[in-house]
Structures are given as C-alpha cells and as structure tokens.
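Two complexes come next, and they have one chain in common, chain A, joined by chain B in the first and chain C in the second.
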Partner chain A sequence: MLQVFVKRTFRGLVLAFVAVNLVFFVVHVIGDPVGRSLPLDATPEQYAARAESLGFDRPLWEQYTDYVGDVARLDFGDSISTQAPAMGSVLTRFPRTFLLVGVGMGLTALIGIPTGVILATTKRRWVDRLGNSLTLTALSVPQFWLGILLILVFSLKLGWFPTSGIGGWKHVVLPSIALAIGPLGKTIQITQVTLRDELQKPYIRTARAKGLSEGRVLYHALRNAGVAVATVFSHETILALAGYTVLVETVFAWPGIGSLIAEAISNLDIPLTSAVVVAVLLVVVVANSLVDIMYRRLDPRIARGLK
Partner chain B sequence: MISPKLTRRGLFAATGGALILAACSDDSTESSDTKPSTGDSTGDTPGSGAEQAGGTEPYEVVVAISRDPEQLDPHKTGDNAEFIWNNVYEPLYRRSVDGSEVLPLLAAELPTQIDDTTWEIPLNPDARFASGDPVTAADVAYTIESIVHNDLVLSIGDRLEGIASAEAVDDLTVRMTTKTVDPIFLSRLTYGLIVQEGQREVEGWPQSGHNGSGAYTFDSWEPGSQVHLTRRDDYWGEDVSAAPSTVVVRIIPDKATQLLSLENNELDIVPELSPDQARTAPVSARVSGTDSTLIRTNTLNGRPLATPELREAGSLAIDRQAIVDVLFEGDATVAECQIAPATEFGHTVGLGEAEYDPDRARELVAEFYDGTPLSFIAGAGFSPKHSDVAQAVAQNLQDVGFNIDLQITDSREVLAAQFGSKDGFADLLLWTTNAELFEAIQSMQWVRGDHGFSAVQNDVVDAAVAEVLSTTDVAARQAAYDTINRTTCEEHLNYYLYYLDDFYGISEDIAWTPRAEGWIILKDIRPA
Partner chain C sequence: MNQPHRNASSAPLLQASDIHVRFDVEGEIHHAVRGVSIDVAEGQTVGLVGESGCGKTVSMLALVGLLASNAEVSGRITYRGNLIKSHAELVALRGSTIGMVFQDSMSSLNPLLKVGVQVGEAVRRHRGLDRKAAKREAIRYLEQVSLPEPDHVYHAYPHELSGGERQRVMIAGALACEPELLIADEATTGLDVTTQAEILDLLSSLRDSRGLAVVFVSHDVGAVAELCDDLYVIYGGRSVEAGRTSEILNEPRHPYTRALLDALPGMEVRDRLTGIPGLPPLPHAFPPGCAFAPRCAQAMGEQCNEPPPLFTMKSGRRVECWLEGAVTGD
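Here is the complex of A and B:
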C-alpha cells in the first residue's frame, strides 16, 4: 500500500513539475500577462512600471527560477487580476466543487449501479429497451441545456429549488443533477454490460448449480464487474474534480474551481493558474491513489500483481 | 478480524462525509450571512425582498452582473461592476437620469472658469464620508492627483487625462487646471469618485477600509458569488429611507440564468439585455437610442479599403434595415450617417441614412477589388447581438464579391484592434459606442492621440477633431462635428449601422428608471 502511495506521489510530483513549467512557458509564449492586467490604452511608461512591479522586466531565466522556487514552496503569490492571494482563491473555491461533485457522483452511484443491475438481470425486453433509451439520452444531453431545462421545470414551474447561486442544500440539488446526468448514463451502461457479461461466465453456472441463492450469485458477479464500474465512475469523478464542472458552474452561477480555471486562463493570470493547476493535480493524484486502493480491495489479484 | 476492516471503511466514510459536511457547513454559513436574496437560510426558494416592502420598511434588492468585479479599487474598475463603486463613492458631479444635464453632487455648484485652463469648484459643505468626516477640498485634490499623477494605471485615468493638477484653495474650494482648453472638463468630473485623503495608504486597502460618501457602504465581496452593500441611514444627501436597505450584487455569468432568476423572483434588476431577452422579463425598461453601432474601416497601410470606391461598395452592400427588422425585431433604429442620434450634441441635421444598393456595390467590387481578403473583427458579448450582426454584415459583403475573413472574439481583442497599433488594425471592425455621455470617446473614434496616429487618415476630419477637442465655443464645436460627420459619411470612412436602446429586466417588486449613463444608482430604487 505504501509503495502505491510513494509511486503515485512521485508521479504526481513529476506531473506537477511538467504542468507548472507548461503554465509558465505557454503564458509567456502565447500571451502578454502585463498587457492583460492593464487598460488597453496604457502608455509604454505605465506598461514598464507594471512589468517592473510584477517582475516581468527581468530576464526570462531569472523569472523562471524564481517562479519554480516559489511554486516549490507553494508560494504562488497574488493573483495578477484580483491581487488577492492565489492559493486563497483556490481554497475558497475547491470545497464548493467538492460539494457539487460529491453530491452529483453520490447520485450517480445511488441511481446508476442499481439501475445497471436491474437492466443486466431483467428478462423483460421492454425494460431493457427503456433502460437503453434512457441511458442513451443521459449520455447525449448537453449539460448546459439540461441545466436550463432543470431550472425551467423545478425552479420556475414547480418552485422547488432556487435557480442558481450558493446557499442552503436546495442550491446544490439542480447543479448536482445536471452534473450527474452524463456519468449516470455511463455508469448504468458499464454496470449493465459488465454484469451481464459476468453472469454468462462458467463460475456463475457453477455457483447456481451448487445451489447458491440468486442474491449471493449476483453479489459475486457484481464484485467482479466492480473493477470496470469503478474505473468509469472514478474517471468521471476525477474529471469533475479537475474542473470539468465549468459548464454546470456557469449555468448555475456556482463559484467553484471550474469557473476559477476559466477566469485564470482568460486573464493569463500566472499565479492563479499555477495555484489551480497544482491544487487540481494534488486532488487528482490523491483521487487516483484512492482508486488504486479500491481496485485492490475489489480484486485481490491486482494487489498480488497477477492482473 | 472484522473490526479493522470496518474501521477502515468507517474511516473512509467519515472522511468523505466530513469533506462534504465541511463544504456544506461553509455554504450554510454563507447562506445565513450572505444569502443571495430574502430566501431563508434553509434554502427555500428565495423571493425578492422588495415584494415584502411597504413604505420605508427595510427591504433587499438583488442585482445581477455577469462577471466578478476585477478589483476592489474604485478607480481601477472599468467593468460591469463599476456601478457598485458609484453607490459607495461619489463624484463631484453626476448627470441627470436622462443624461441631459450635469448636476452638482459633492460640488455645491457648477465650476467657475478662471481662465482657459483653470477652474474652481466649490464643495457642498454637508457632504460626509461614511466615517462622518466632511468631504474637503484636500480629499478632492488627493483623489484627482492620485488618479492623474501616479503609476497605478487606473482604468478611469483616461477619462480624466485632460486634467493636469488639482489643489485645495481652502477647505471647500478646489482649483483644477487642464492641460489644454478642455471642452469636456465637466463631463470628466462625473467620473472621478472622491476618496478620503490618504485612503490609498491605509493598511489593507483596497481589500478593506472603504469609506465613501455614497448612500451605500461596501460590506463584503465573495469572489465569484456576490457583493453586499448596506444603505447608510446617516447619508448626508437626500432622504434615502425608501431606498433598499441592503443590496446583493450577484455574479451570474449566464444571461439565460439571469433571466430565469428574474422570472423566479430571485433578482430585481438584470442589465445589458438584448431586446428579445428584455421581452421575456417581467418588466423591462429601456434607455432610448444611446448606443450607436458602426463599422470602422481601415484606410491605413495601403489596405483595400484605402480605395474610396471599395469603401463605398462596402457601405452600399449592407442592408441595415434588414438587420434592424430581423435581428432586433424593430427595437433598434437604422442609424443616420453619423454616430450621434438626433437627440445628441454633435448631430448634423439632414445627413439621412446610408444608401443600400447591392447592385451598384457589385459593380464597384468587380471594377476595383483585387480579391485581397478583408479581415473583419467583432466582439461576442460586446453589445447585444454583435456576433449576429457581424455575420449578417459579412454575408452582405460576401454577396457583392468581397472576400471576408470574419473573426468573432472577446471584447478585449476588439478593443485591442480598435485602440492598438497601426499594424493590428483590422480592415473592418464592428464597434458600439455611447455618443451621449463622453464626448471624448466620440472624438477618439477618429484620432488616437495616445498612439499618435489618425485612424481615418483624412486631413479634414483630423483638423475638425482637433477643433472639437480644443474649443469651448459650442457653435464652433458643432460646426466641427458637422465637418466630421459629413466627411466620414461622404467618404464612407465608417459604416453607420443602427442606434440601439439599453434594455433592462426589472422585477415587479421595484420601481426604478434606468439612467442614461448606464449606472444603477441604488438610492433611486423604490418599492413598487
């Protein structure tokens, strides 16, 4: 277990190093962070003064070494655009994204896996067809469109939930559903397909022949299908935590990490972008490690290196 | 050996639960402290506070904006959050609601001109900052000097750039000098929000320590979410007891969500709507015809549109009436061949609308155009329906034989293309300006003094612009504007498209009239 963590941490550090370097060079090559932080009609003198105050008047290698040193100490400095501490902004936004993703993926698991099991085990063709249609719909619906639709129905028509913003628990419901719908389709689909596949295997026939109850048989099959389901589920969760929530955040005015990433990039804000990238990487590395652990619990062969 | 397993599971569950609870509790705190409207902290669908207001009962108003304030410095904002600072701080003068006249605010009366470049301004002795300190000449001088003489690169600096210095003559008299004769001196002073002397040096500024003379105090800013303002019951000016007691400015990026929130009674004011969006609002309000949309042509660097016949072809090719009828469903007006509509200073009587004659345009293109692609830049979100208008115009131009390379980009790129270097000039640039409130902007359409070149490269226009900017004689200025308007129209230097109203969505719970300059002055709001 420790080995997994060490390996993951090492890979994460390498990845973080590459990513922060990319941020630095891409922003310097494609954009002009100094100009971006100034009014368009700033004079050359004003430009020079701002460049000096931000340290952009120094040789590139000097800027680079300082930048890497600061990032290594997790000192990202202040955002160029808001002049607030960059990491402070990230730490304010991340819990909101955790909440959104936690509830959204919780819904996905609670609805997706049982539905997939029902679809895999049903003998009725109409249930199968209905399930497949719903799954395809869930996979095809664009998040922003669904978001607007949810607001129209549940806020405007029924008055059950607020349209947008953050606040009490009711504010979380609609954005979570909008976020969950895509992963829900995938989870149902993968659960259905892998479980159906498992249920065709010889060990299931043997188990049934031995007189195991259908519930017990299903448990064994589901456990073996679990690796594939867990892979899809964790992949979706990690994507969402990495900022793929941006569309949902925009529609529901939810100030999470996705919208912060968009703002940071559009402002060519190096400190803020670096802080977001490092924080997201950290979350992704931790999440991947947890997924590794989960794999080992689901399939001991992975832990023994047999698979 | 079951218990260790359970313990680990429990640990995972507890950690996950704690994370979610932590996030929940964080938001619950926000909910009770900074709820977006008057919905209760349990998260019930909020309703606008104004609906419960009666007479002068405290009530809350919620205003939507699309982007976060970029800065908390009242002199650094230039975005859609600028109105926030115009409620916390005040300028010396403010325009009347319809924009027709400039009225004293912190000043006691209109400035007295001492000589061509010197003005004296008496201050209102009653004016007080939120701290209770009087607004003095030293505060005004400090503010103006800190804007025009520093390296802070304040976004309102360009609006005050004609002012050379400011000094206190006595406690209640300020003397200002302008760099040259400045016909728009008074307009400039409607933009300088006065801060207390030494404000910029206060520890923690501008994240905290705001102390303005306006009717509202700045309470908090939750980045990405909302800004809170509270009415000053000790406001020094008129009685504001019927104005909203608290105001929440909510950051909602998506216009559709803003409109749905308005319809759901979670918002009270949604600014910057297109006409069709305004039609879906419970109540809509408009400020008529202040925005003028045009296409600036590039006659620099030997580009194709330096050829007069091709500029004429471009103008003849554009079906302005169709744009107004189809895209704006009649809620815009085809522009006369000039920026200023008939109600504005600088308007030239009798110029009429630009002609639409695609057949003639085709002939001119066939004769004079060598097929060089014309770059055409427009900003999505710069003004309502800009991308649609750009595509319609591009199609019109292509239909008569022009080869158009249309680029629809963000507003900043458009501004860079308009105000940047000669090399970055696009051949065609879709541009919306407000002709009424800041004449300097009108003049800047022709000459960019900062960058030292004339955008139109026309001696007659350039001389007239210089005249407009350097005389206070109203008749002489009008005559110069007449020259500018006639020349740019006849030479097809700009393609004037339409005049568009500013549209707002308003809830049924408040009574409010939008202002011509586009700011939402909260003390003007009343319960319906």
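Here is the complex of A and C:
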C-alpha cells in the first residue's frame, strides 16, 4: 500500500511538471499574453511598459526558470487579467464545482443505479423498451442544449428556479441536472448490462439453490456488478472535476473551476492557467487514488494483485 | 465407503414422472428432456449417468425450478407424497428440502463474498439466526465437511482455496440448509482423481451420518456407480435403462449402457479405450425413434425408427429398447 502511494505521488509530480511546462510553452508559442491583457488600441509604448511590468521583456530562458521555480514553491503569482492572486481564484472557484459535481453525481447514483437494477430484472417488455429509449435519450442529449432548455422551461416559463449564478440551493438544481444527464445515461446502461450478465452466472444458480430470497440473490449479483458500475461512475466524476463542467458552468454562469479554465486559457493568463492546471491535477491524482482504494474494497482479487 | 445394498428405507421422498423440458431457443423448440421418471427414496443414493448433453442436468434443474425462463417443464412431481402444483411450491423446496452442489466450484461460488458468508447466509435464511449465530453455525458446517481450520477458512475468498476445498465449501453451503435430499451435479468433475475420491468419500459419509438421500449426476459411471443404490442411464433426454446398480453393472441390457461400461478404462494394461462411435444427438435434432439407433452396433434397421417399447423386468429394471422384445420375446 505504501509502495503504491509513493509510486502515485511520484507519477503525480512528473505529470505536474510536464503540464506546467506545456502551459508555459503553449502560451508563449501560440499567443501574445501581453497584447491579450491590453485594449486593442494600445500604443507600442503602453505595450512595452506592460511587457516590462509583467516581466515578458526578459530573455525566455530567464522567464522559464523563474516561472518553474515559482511554481515549484507553489507560488503562482497574480493573474495577468484580474491582478488577483492566481491560487486564490482557484481556491474560491473549486468548492463551487465540487458542489455542482457532488449534487450532480449524487443524483446520478440515486437515480441511475436503481433504474439500472429495475431494467436488468424486469420481465415486462414495455418497461425494458421505455427504459432503453430513455437511457439512449439521456446519453445523446447535449449538456448545453439541455441546460438552455431547463432555463427556458423551469426558470423563464415556470419561474421555479433562478436562471443562473450562485446563491441558495435553488441555484444548484438546474445546473446539476444538466451536468448529471450524460453520466446518468451511462450509469443506467452499465448497471443494466453488467447486472443482467451477472444474473446469468453459475454462482447465482448456487444462491438460488440455497433457497435464498430474490433480494439476497440480487445482492450477490450487485456485488459483482459493482466494480464495473464504480468504474464508469468514478470516471465520470473525475472528468467533471477536471473541468468537464465548463459547458454547464458557462450556460448557467456558474463561477466554478470549469469556467475559470476557459477564462484563463482565452486570456493566455499563464499564472492563472498554471494554478488551475496544478490544482486540477492534484484533485485528479487524489481522486484516482481514492478510486483505487475503493476497487480494493470492492474486489479482494484486486487487492491481492490477482486481477 | 460403498454400501450398494444398504437397507435404504423405501418411503418415497421424491417422485418425478414423465418429466419433459422444452426450451424455446429463438422460436425453435428444443425438446431436451423427453419423459424422464425418477424415484428417490429416503436415504437412498441414486445415480444419473450418461454423456454430456443427454439431459441429466436439465432434468435435475427442472426438479428444483432452476431452469432459465425460456424453459417449459411438464410432468408430475411429488415430494413426500404431496403433488407439487406450482412453480412457487417447487421453489419453496429449494435449499431447506432439496440441496444442490454444482460442478465448477470456481464459478459456482460468488467470487466477492467470503466463503463463510456464503455458508452462513443459508443458515440465516432457513433458521432465521442473527449474524453472529449464523457465523458460528457456518464454521460448524465448514468443520463438518472436514475443512482444516474452519475459523480461518470462513474468512477466505473462493480464489484463495483449492478446487477440492471450494467444493467442500459448496457442500457445506448446501448442508447448512439442512436438506433431506442432496443433488450433486457433476460435483467431482474437473477435480483431480485423488480429490475426486475425497469428495465422494465425504458425500457418502455425510449421507450415512445424516440419512441424506443423494442423487449423483455424472458423465463418469466409474466414479459414482459404486456409491449408488439405483442407476438411471440417460440418453437423448430419456432414461433408457434404470434399475438396481448391481444388476445393471453385472448385466447391462441396453446397448447404450453396455457401450458406456465398455468405455470405462480397465485395470489391465492391454486394454485400449473403446469409445462409443459418433456423437450424442443434439436436443433440436433427436432421431424420430430410438435416439441411440444411429450409433448402436445392434440397431435393427427400420424398427428402430419407431419409439422403442418399455420393458419392465421382474426386478423392477426398466429398459427401453427394441432388442428386448427380439431377445426375450417378452
């Protein structure tokens, strides 16, 4: 276990180094961060002054070593566009995305897994058909389109929820539904397919031969379907935490990490982009380790390196 | 270990007559079991033998209602003289009355649950014990199937045990329901010969100590025959010969039984294995008359295209073959 932890930490550091370097070079190669931070009609003098104040007039090599040194000390500096400390913005924005993802994935689990179980065990053909078409719809609805539709119906027409922004619990409802729809489709599908598969396996016959209740038989199958369901579910969660929420955050003007990534990149804001990238990386590495621990709990064969 | 002529009480426990099983495979009907009748008396040991795919397992699964939903079962089943009238009544027999042990203990045990839990859950279900008491009972059953260090084995997962140990766990799970009849479906297939003998030993000692009735289902006549009071030879979804094991082994009447016994490896070195030429027919393509006729060395031509008559001998032995009529003249 300790060995795994060390290995993971090391791999995370290497990843962070590569990502931070990429940010630096991509920004310098493709863009002009100084020009981007000035109005379009800025004079060459203003430009030169700005470049000097941001340190962009120094040799690239010097800029690079300074930058990497600062990042290594977790000093990301101030955002070019907002002048506020970069890590500060990240730390205010991330909890909001956590909230959105938490509620969205909570909904996904609460609705998706039971629905998958019902679809896997139903003997009624119409339930199966209805479920499958709903699942397919959930899978193919674009997030941003659903977001706009939800705003139109539930905010503008019915007035039940606010259109956008953050505030009370009402602000969370629509964006988390929009965020949950794709993962919900996938969760239903994987639960249904793997559970149906597991229910055909010989150990289920053994369980039934012991005269166990259908509920207990289902528990046997669910334990085994769990690994696949957890894989899909955690994959979706990690994607969302890594900034996949950007579309939903944009549609609902939700000031989370996703929209911060979008802003930082479009402003070629090196300090902010680096801060976001390092923070997201950290979250992903930690989340992946949690997923690993969960796997070990779910399947003893993984814990003993047999699978 | 073997007591073929034990004085088994003759009170009928399970009587199944004229069992038919039809599978609906995408609209095509596969008539896999075509009128098998089996009687098991209290404390009796019965063997069902025949090649793979002849309908042995399917008939047994039909008796406990464990077939897939595309199977249609007909026939008459009585348990202790009570006629089973519905699938629900059949399901109610599972576990507490009829226990089953399956082939391939690796896939027949849940890979993600501790084996002790898989034994204990049966106890909890049938005797309503709480978790702690169920655990104590589970350990007791693990001990009864001669697993060393049952406290330790309780916490093991199936992949951590050997094939023989897993099979013992499965037997413990079946015993934990305290059944009166145990069906061992190819319970020793896939185990090495020594382990096979140990498991058969265990099953017969449990049978003797608990007065269990046991049905051995096996493709290997040699492995189980000596344990069984009665033997049913199954072929093409029918029981082609049935009677006392000793009589059948001494004087097999049906050509298929003879072929099956001839195919057993002998002790002498000179013996070459004699197989049965050809393959058993598939359930969707059974020949119209005697299912064995196409492979039968003594087939009598035209006549064998008609369903063979049933001959019941004085000893109660039943043989389904046209030869019986020709030889004995009845």
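In this section, the second predicted complex is superposed on the first by the 306 of 307 C-alpha atoms of A that agree within 3 Å, B and C clash if a C-alpha of one lies under 4 Å from a C-alpha of the other, contacts with A are read in each partner's own complex, and residues count from 1 in each chain.
Following the convention adopted for this analysis, a contact is a pair of C-beta atoms (placed from the backbone, for glycine too) under 8 Å apart; a residue touches a chain by one contact, two chains touch by 3 or more.
Keep in mind it's a predicted model, so treat the numbers as computed, not measured.
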item	value
Contacts of A:D299 with chain B and chain C, given as first, second, both or neither	second
Chain B versus chain C as contact partner of A:R216, first or second or both or neither	second
Per-residue contact with chain A, leading partner among chain C and chain B	B
Contacts of A:V251 with chain B and chain C, given as first, second, both or neither	first
First, second, both or neither for A:N224, with chain B first and chain C second	second
Partner chain(s) touched by A:R58 [first = chain B, second = chain C, both, neither]	neither
Touched partner set for A:Y203, first chain B, second chain C, both or neither	second
Chain A - residues contacting chain C, complex	123, 201-203, 205-213, 216, 220, 223-224, 226, 298-301, 306
Footprint of chain A on chain C - complex, ascending	64, 66, 69, 91-92, 94-96, 99-100, 102, 104, 107-113, 121-122, 125-126, 157, 159, 170, 173-174, 176-177
Residue numbers on chain B that touch chain A, as the complex places them	16, 19-20, 22-24, 26-28, 30-31, 35-36, 39-46, 68, 70-71, 78, 151, 153-155, 157-158, 207, 222-226, 250-254, 256-257, 260-261, 263-264, 266, 410, 412, 415-416, 419-420, 448, 450-451
Residues of chain A that touch chain B when the two form their complex	36, 38-43, 45-46, 49-50, 81-84, 89, 92-93, 95-96, 98-99, 102-103, 144, 148, 151-152, 155-156, 159-172, 250-253, 255, 259-260, 263, 266
